[in-house]
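In structure tokens below, several structures.
In the two complexes below, subunit A is the common chain; its partner is subunit B in one and subunit C in the other.
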Partner chain A sequence: MQPNSSQKLKIVTLVSVGKHPQSGRVRRADQDSRAVELGLRLSADQADGLVVLHAGDPNEPSLRSYAGMGLTAINVLQLDPAADAVAPLGEQLHQSGADIVLTGVRAESGEGSGMLPYQLAEKLGWSIVPRVADIVSVKEGVAEVLQALPRGQRRAVKVRLPFIASIDTAAPMARQSAFGPAQRAAMTVTVVNAETDTLRQSWHEAVAKKRPKRLKVIKAKTAAERFKAATAKSQSEGGRIMKQESAGEQAQAILDLLVEEGVLR
Partner chain B sequence: MSSHDLLDIVRRDPRAEWIARNRLHPLHGTLVDDDAAEVRGPSGLLRKYPHRVGFIGPNGIKRIDRLKGNAAASGKGRRSAAQEVQLPLHRVENPDFYIVVVADMVGGRLTGHDKDVLGQAHKLAAGIEGAGAVLTVGFGSAKEEHFDTAGVDRLLVLDDDIYEGYCPEQRLAALLQVENEYQPRHWLFPDSVNGGTDLGSRLAARLHERPAVQAWQVDHQTAVCRGAGGTMDITRETPRLLMLAEECADQIDETRHEALPVTLTPVSVISQLQDQGPVAVDPNAVALAEAEFILSAGNGIHDWDQFHAAAAVLGATEGASRVAVDDGFMPRFRQVGATGTWVTARVYLAVGISGAIQHMQGIGQCDKVIAINTDAGCDMVKRASLSAIGDSEEILGELIKRVQAFRAQPSIEGDQDAA
Partner chain C sequence: MIFEWLHPLLIATALLLAVIGAVRRVKLWRAGQPDQVDLMAGLMAMPGRYLHDLHDIVERDKYMSRTHAATGGGFVLSALLIMLVHLLGIDSQILAWALLASLALMFVGALFVFKRRLNPPSRISKGPWMRLPKSLLAFAVGFFVLTLPAAGVLSDGFMSQVGGVLLTLVLTALIIWGMGELFFGMTWGGPMKHAFAGALHLAFHRRQERFGGGRSTGLKPLDLSLATEVGGVLGVAKPTDFKWNQLLGFDACVQCGKCEAVCPAFAAGQPLNPKKLIQDMVVGLAGGSDAKYAGSPYPGIEVGNAKGGPNQIITDGLLAPETLWSCTTCRACVEECPMMIEHVDAIVDMRRFLTMEKGSTPNKGAEVLDNIIATDNPNGYAPASRTHWAADQNLPLMRDVKQAEVLFWVSDGAFDMRSQRILRAFVKLLKAAKVDFAVLGDEELDCGDVARRLGDDATFQNLAKRNLAVLSQYKFSKIVTTDPHAYHCLRNEYNDFGSDALNGVEVFHHTTFLNSLVQQGSLQLDPFIGGKVTYHDPCYLGRYNGEYEAPRELLRSMGIEIAEMERSGFRSRCCGGGGGAPITDIPGERRIADMRMEDANETGAELVAVGCQQCTAMLEGVVEPRPQVKDIAEILVGQLVDPTANGLAKEVH
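Take a look at the complex of A and B:
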């Protein structure tokens, strides 16, 4: 990671309140803390280069565990828990300006729809790069970003500043949070007014039920069919068997299939 | 009135009955319909003709098939003629509304997740009044052959060059065109890392819709979706745009659909994101469970250096059967199968693995299996879509040579293109 040091980058990381998936305890969210980590690395050579922003309750204990990663301050937009955070966050980003905004992919508490970065991007007219694993370089207003793809693959994407990136779990692990710095960090609170999220109030929320497993339905009409379904052994599915051909022809057929499937890179 | 009564009287013809009973009579064939084994008698009763039931078997003995063609295929010749059931065709002539499914189409084929979403689309359409058609939008060239049985009523494949690679803004523009043209009742996306979530979120932000994400129980009135990192269930009114979790609904399996192709004029947009292509990653650093392409070794491998070289040349993640691991040729974390790792590779190349049942369970989710084996009758060959029977060392050697030649070739083409 070699961000261009000649120009000063303004990086904002948006953090949310995390929830441990098993115990349900409040914690720093995994993806958000990775976003803070990436922000800290990108702004390593600038003092106070990284702005960490949270919309919600400034007394939230989990915010301190972000601060323990070495932040001097966390900016909190204090608003009603039932309020919609998109508008005030967009307003704040619009006013303060930013080159790179980092968020998690999906929050661990609340609705967790993952729509916030998209809505902010739409509101501000910036680009959004989802599921970022790393920001490789920022040169002349263009950032080179590595995107995490399924199956451990990576894709390089170039994007013009300013942009919003949602950070995937493939990004570098967040550093440990230290208790002392966490307590010393300042909470800069700005009280904002935001519209209440009325649509969400009509929703019904409950602890997640276990999803029923999909049953294998056997649509057999006769006893013989049911018997066959219960005792089915692996049968040839009409695959091509090359027995007589030379090793060269067989290898060519395998290569053709690999090319057709697009796994040879 | 009276003439009608006269017509109702059944008049018997004793001579014709006599001829019909006598199979040796020269006129017998004219009076008896040879095809039907069951006929209605003159009094309306069902008459079974026992001489015409069944068929003559291959060794001249009469066979009666009481399973109505459902018996397990035993003969060698008859299995290929397995019952190709023609499913009833579901036709929507003039749709009252559209439900659009934007399929991931990983590798050009509908994924299982896509098919779940298609099933959900039909479930939604059934709940809404009027005849709805399911329009499926896919980007990139389509290799799928069974759009009809997956539940696609209308098919829009956007395979222009501008939709190639990673171009979410371009694709979003196409979806907005679809929005204007069809005004769909619902937009359905698979909530997947293969692009469904990204595209769905972009469209939702552009249309100012509040989507239901990770929705797993949806009908036309209410949707239940997972929130708060999968720990909460949110029950809400079904929104217009949904991103559906896997196994949200049953796949279509009892009907055939038209899959009528529709077209859209591509409109090019200026993209802020520039795709720089995939970045080379060490295939062996990818976890075996999520590797896309696995080269797996079994008892049939003798030249292990060649095997590792082949994996490196192919760019495949290495796997192994239990025997290879127990013999100490491969580490334990490379073991594929019920006792090792359950893999999800798209292409699984098994060299010298005959396929113990535990191993076959482990590769159950693989799309294409290629087998290199000396035994043509083994289970792996039965499962494979391509099997090469022969010496693995020889075939791997040839494969390495050809792959190296193949890799050298595109760069020449690329130079020509550039020139």
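Take a look at the complex of A and C:
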């Protein structure tokens, strides 16, 4: 990662309130803290450094654990908890003249739809690069970005500034959060008015349950069959490959399957 | 004749220079942070502390204690008498004879120092220390001859008659050499500095409780409000961030290397040498480089490149962070130090800066600390799964019963399958002895030991306060735990947080508690038949809490004759598992656990009895073939006489 130091990059990282998968306790979100890490690395040789932005409650304790990564301040857009953060964030980013905006792929708490970076990109008219593992270089207004693909593969992408990147868990690990800097960082609060997310208010939230696994019914009657079942490679049975059929037929087949599996009723 | 004015003048000059040096040195110490010490009481108690506390430690090496008593005692007495006889010119044959006698004593002592230095062990520093016996001899001989006329052995005119100018010159040279080392050198940084700084260190020691046979092992809590104070820093970044009496303590070091000889990290070839560490702290407080250091280096790090100053960041040039992270906090160095220097305090103070200010805990450190913060256990398991190990144990929960005689502190061993075997064994013993006990279940949190030793005192204090809040809800008179680390925290470190949850509560290690049950006859045991057994003292049970006897008595109660290792009791060697060392995992040439297992192998034991789940994990990590490793609770369970089965057996007979 060799950002071109001749041009001053303005990097903004958006952070959210994370939630530990085991304890459910608030924490710095994994992807967001990787986004802060990447932001810190990109802006390491610049005086004004990285801007870290959060929309929500400035007294939220988990913000301190982002600050512990060595931030002097976190900018907080103070919002009503029920408000939609997209509009004020878009406004703020538009005014800030940011070159690169880093976010996580999806939040660990709240709606967690993963839509925010896309909505911001749409609002600002910028490009979005999802699931970024690293930003290799920024030269003459063009950034070379590595996207994370399954099984450790990477895809090199060139993108013109400004753009939004959502940071994947394949990005470098976030540095340790230290208690001292965390306590000292300033919370720069801007109170903003935003529209209430009415749609979300009508939702009912419940704890997600793990999808039930299909029981493996052993049909084998003899030892040889059981041995074969245990050792043979599992081959997907049933199913159809539909290439020639019309889109309507294909959609109907999917719908039928969903009904058959009990996903749709 | 020139003696009449020359030598008193020389003595006066040397003493004056010594005073100037002393003022300078005191200023260096006073650059440290304030600490509450009763100065007068300390000074009054100092001679007693020297004669008892310090001498008791030196006495472990009889040769050295006698040598030092003769040399040091002779010197102190001689110095006082020299002032009376030669400086003030008191004309008394009795004083002169007394001076001759004390110089003779010093001379004999110095000869033994000289002999010791002929073929010195590697732990001892060389350099200026090699000239010390010669300086001592020069001092003793010079003043001896000078005092002869005053004692009436020789007439005043003897010198000028016989030796003339040559003898005068030789005598003067000896006296200047002797006083240069022993008066001037004492306060200007020579080897004799240990006498001056050491005496004051005994007077103003940061852990006054250690004197008179006491024990003070709990780490001092860090004032977290420093984080938001202007110019505040958490932990020790620069030498001046130490308490002033810690700086004084560093200066007291005699470089005897007893610490180096017992340090497990040094033996394993990790980059730590407690003696060098203390000397580097001296370089830091006085400013300069370690080029003059003449002892063993940190393994793998060359001497001469370390530079520091009172206001320079220690880990920027004076010592490598790896040195600090190599320590297992086993306290072997502190236990062995004749000057009662507190190495572990200093190391943890500096770790606090690295973790809480720099965020640079190495290897798995950051991850473990994050897990402790988010899940109250180091491996990030779901807090609600803490009692899964006891699903089949039907343990009474404090939440339900509200009170019990004994609170069984389960510790994080609850999450580890090997440790669970120890926990189950202990529960079986408790039930067999019909002890009224309960556990906290999911309300128990990590005790904070690892977080604290890794330098994160904020997390330790948070856990301690939350644990104390839980404990204060219930009534119990005893806490028993199978984990010496939790035992140490609960017993020695939880008292600093203004809670009365542990008032009137006795904290026990399970071996102590089980021993009392066995002695009372609540547990019936069959004799153990299974070959030779040795016992490994856990650091946090032994050196930290002074419990060496109960585990041994328990083993003896099963008819076991313990084959003691060479390093046992207060000299036990660490398993390598303390102080977060397995987490920070600083590479060395050997593994500490392997070296400990070699100690066990030398006894020919087939079973190593242990009283700590961490030691169990470390020692079982040694590749086979090796002796079995079992917690004492597990051995006891194997020999437990089931009262019902016994009854049946009798009926059959």
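Before moving on, here are some points about what is shown:
One rule holds for everything that comes next: the second predicted complex is superposed on the first by the 213 of 265 C-alpha atoms of A that agree within 3 Å, B and C clash if a C-alpha of one lies under 4 Å from a C-alpha of the other, contacts with A are read in each partner's own complex, and residues count from 1 in each chain.
In the analysis below, a residue touches a chain if its C-beta (ideal position, glycine included) is under 8 Å from a C-beta of that chain, and two chains touch if they have at least 3 such contacts.
For clarity, every value in this text was computed on a predicted model and none was experimentally measured.
Using the contact criterion defined above for the overlaid structures, shared-chain residue A:K8 touches neither subunit B nor subunit C, since it reaches no partner. Judged by the touch definition given at the top, the superposed model places A:L199 against subunit B, while subunit C stays out of reach.
By the document's definition of touching, of the two partners only subunit B reaches A:V159; subunit C does not.
After overlaying the two complexes on the shared chain, residue contacts for A:H94 are found with neither subunit B nor subunit C. In the superposition on chain A, the chain among subunit B and subunit C reaching more residues of subunit A is B. For subunit C in complex with subunit A, the residues that touch the partner chain are 224, 227-228, 233-234, 355-361, 365-366, 369-370, 373-376, 380-383, 456, 458-459.
Residue ranges of subunit A in contact with subunit B, taken from their complex: 19, 21, 24, 106-115, 118-119, 121-122, 127-131, 144, 146-147, 149-160, 163, 199, 202-209, 211, 214, 219, 221-222, 224-225, 227-228, 234-237, 239-243, 245, 247-248, 250-255, 257-259, 261-265.
In the complex of the two chains, the subunit B residues touching subunit A come out as 67-68, 70-72, 107, 166, 193-194, 197-198, 201-202, 204-206, 210-211, 213, 216, 226-237, 247, 250, 253-254, 272-281, 285-287, 290-293, 314-316, 346-347, 349, 360, 367-368, 370, 372, 376, 379, 381-391, 394-399, 401-403, 406-407. Contact residues on subunit A toward subunit C in their complex (touch as defined above): 20, 22-23, 25, 27, 68-70, 175-181, 183-184.
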